[in-house]
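The structure is given below, and queries will be raised subsequently.
Chain IDs A, B, C and D follow the sequence of writing; residue 1 opens each chain.
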Amino acid sequence: MSFEHRVRVRYGETDQMGVVHHPEYLLYMEEARTAYMAHLGCPYSELERSGVGLAVRRVELRYFAGARYEEELRVTTHLERLRAASVSFRYEIERAADGARLVTGSTELACIDLTRPERPPRPLPSGLSEIVRRELAG
Amino acid sequence: MSFEHRVRVRYGETDQMGVVHHPEYLLYMEEARTAYMAHLGCPYSELERSGVGLAVRRVELRYFAGARYEEELRVTTHLERLRAASVSFRYEIERAADGARLVTGSTELACIDLTRPERPPRPLPSGLSEIVRRELAG
Amino acid sequence: MSFEHRVRVRYGETDQMGVVHHPEYLLYMEEARTAYMAHLGCPYSELERSGVGLAVRRVELRYFAGARYEEELRVTTHLERLRAASVSFRYEIERAADGARLVTGSTELACIDLTRPERPPRPLPSGLSEIVRRELAG
Amino acid sequence: MSFEHRVRVRYGETDQMGVVHHPEYLLYMEEARTAYMAHLGCPYSELERSGVGLAVRRVELRYFAGARYEEELRVTTHLERLRAASVSFRYEIERAADGARLVTGSTELACIDLTRPERPPRPLPSGLSEIVRRELAG
């Protein structure tokens, strides 16, 4: 029901305050979430190739302390909720060296049909929702 | 009490879904917020030069539709709340051509002391909080 | 034969050295180049909708001084060379306030067929190469 | 005299053409170069803490094929040349799965003094130039 992923802060992800620029954490969360899906046997790249997308619909973030260049971060991703046409994740980002809490957040993703130009919502593919259900029961 | 800013979507801001990648809207909001501050006579670059920073502490975003490459967007920024050591903004991002609502969001920014390495919270400079108070009374 | 475009440096484009992170200038050049194309009556978004892309094949950049947050930059784009299946641009980025030279560069773009999965090279559409030829003759 | 580093393509690094946006490779090269420096016992973060920076002065890039989302890339970094106040690197980026050449490039970095506001050039610290010289002698 949760997955741990590591990232190392790139120079270009910092800003002139000397810490990671606040939107970058969403990229770490996205990388962690898709690594989690790959770990569950559902790489997101394959999902898209099958014509199904997961589009971010809601984001909530709280910032406690800033990550610095070259620090290793631990991103723990939790599956939070499964609905017919959406799935939600929660994240904690900590500095790996000392476990200091840096950022927490959550994202809700809507399942969409990539084969149609207006990209309408659609139910999650049954294979994916089965895997998510099992993991949530985990 | 609100400020309108325009941005045009850059190619590199899109992702392979063909729409703007979700964290990029935080950059549009940041640009709009600092353009608002400059309009109020308080450029954020000058604030930092005086040793005072505004660090993002909370973010909430809701996504309704995706912006596309070369579209012009209208970002409306509202001052939402002033506290002793923080200030909150709310945003609406619409497609300029037809007013379609794309993304809404809010950010809370904490005032911090950039002259000390641990960057502790500090009250807003009185000049800035006076301007914000007047604008909120608007 | 040249086109002037303005950009204002975003906070997130700076890095911890306090200047714009070096790859960001390629985004300014891309924005300037596509603004130039739109000015010539050839918006790049329409080109892509017609199934034709321009993919960057070569880049050369020289950095003279760093741009800072909130500075306005002037990006001058020159059409440099037209071939059957490629077009080259040259750029000068200056600080608008004092004309200081910050970055110069060039990019060569190959014309590709977006309607085929392997995206093979193809000749420039005759309308576009006609416009470029006229502009080069300028 | 060379160092191999792996990166995995993030979703947000793609653009609407379905491949990695061209400036992103400079971030892969930067990550690879600083991983190389850390491997040589010279983490770039420590260099900056000692008041010395390496600022990119020249970039050359050639693009052969586009990297796709979730692909693993192999970035091989070569030390190329050492001068009194600069150091140059060369890079090859290949798709790890089949070794296909995607991008090659080079960067020249000038050594600068971060303790002075105008950041003037300065010689490389002797410890660093010694390490680079030994590595070049390979």
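Methods note: a contact is a pair of C-beta atoms (placed from the backbone, for glycine too) under 8 Å apart; a residue touches a chain by one contact, two chains touch by 3 or more.
Note that this is a predicted model, so its numbers are computed, not measured.
Visitor: For the interfaces A-C and C-D, which has the higher count of C-beta pairs in contact?
Guide: Top pair by contacting C-beta pairs is C-D.
Visitor: Based on CA centres, what chain would you say lies at the far end from chain C?
Guide: If we average the C-alpha coordinates per chain, A ends up farthest from chain C.
Visitor: Using mean CA coordinates as chain centres, what's the chain A-chain C distance in Å?
Guide: Computed value for the inter-centroid distance: 33 Å.
Visitor: If you average the CA atoms of chain C and of chain D, how many Å lie between those two points?
Guide: 23
Visitor: Could you list which residues of chain C touch at least two other chains?
Guide: 11-12, 16-17, 23, 27, 48, 69
Visitor: Enumerate the contact residues on chain C facing chain B in the complex.
Guide: Per the touch definition, chain C meets chain B at residues 8, 10-12, 27, 30-31, 34, 38, 43-45, 48, 68-70.
Visitor: Under the definition above, what is the set of chain A residues touching chain C in their complex?
Guide: Residues of chain A touching chain C: 11-12, 14-19, 21, 23, 69.
Visitor: Going by the contact rule at the top, pick out the chain D residues touching chain C in the complex.
Guide: Answer in residue numbers: 16-17, 22-24, 26-27, 48, 53, 55-63, 66, 114.
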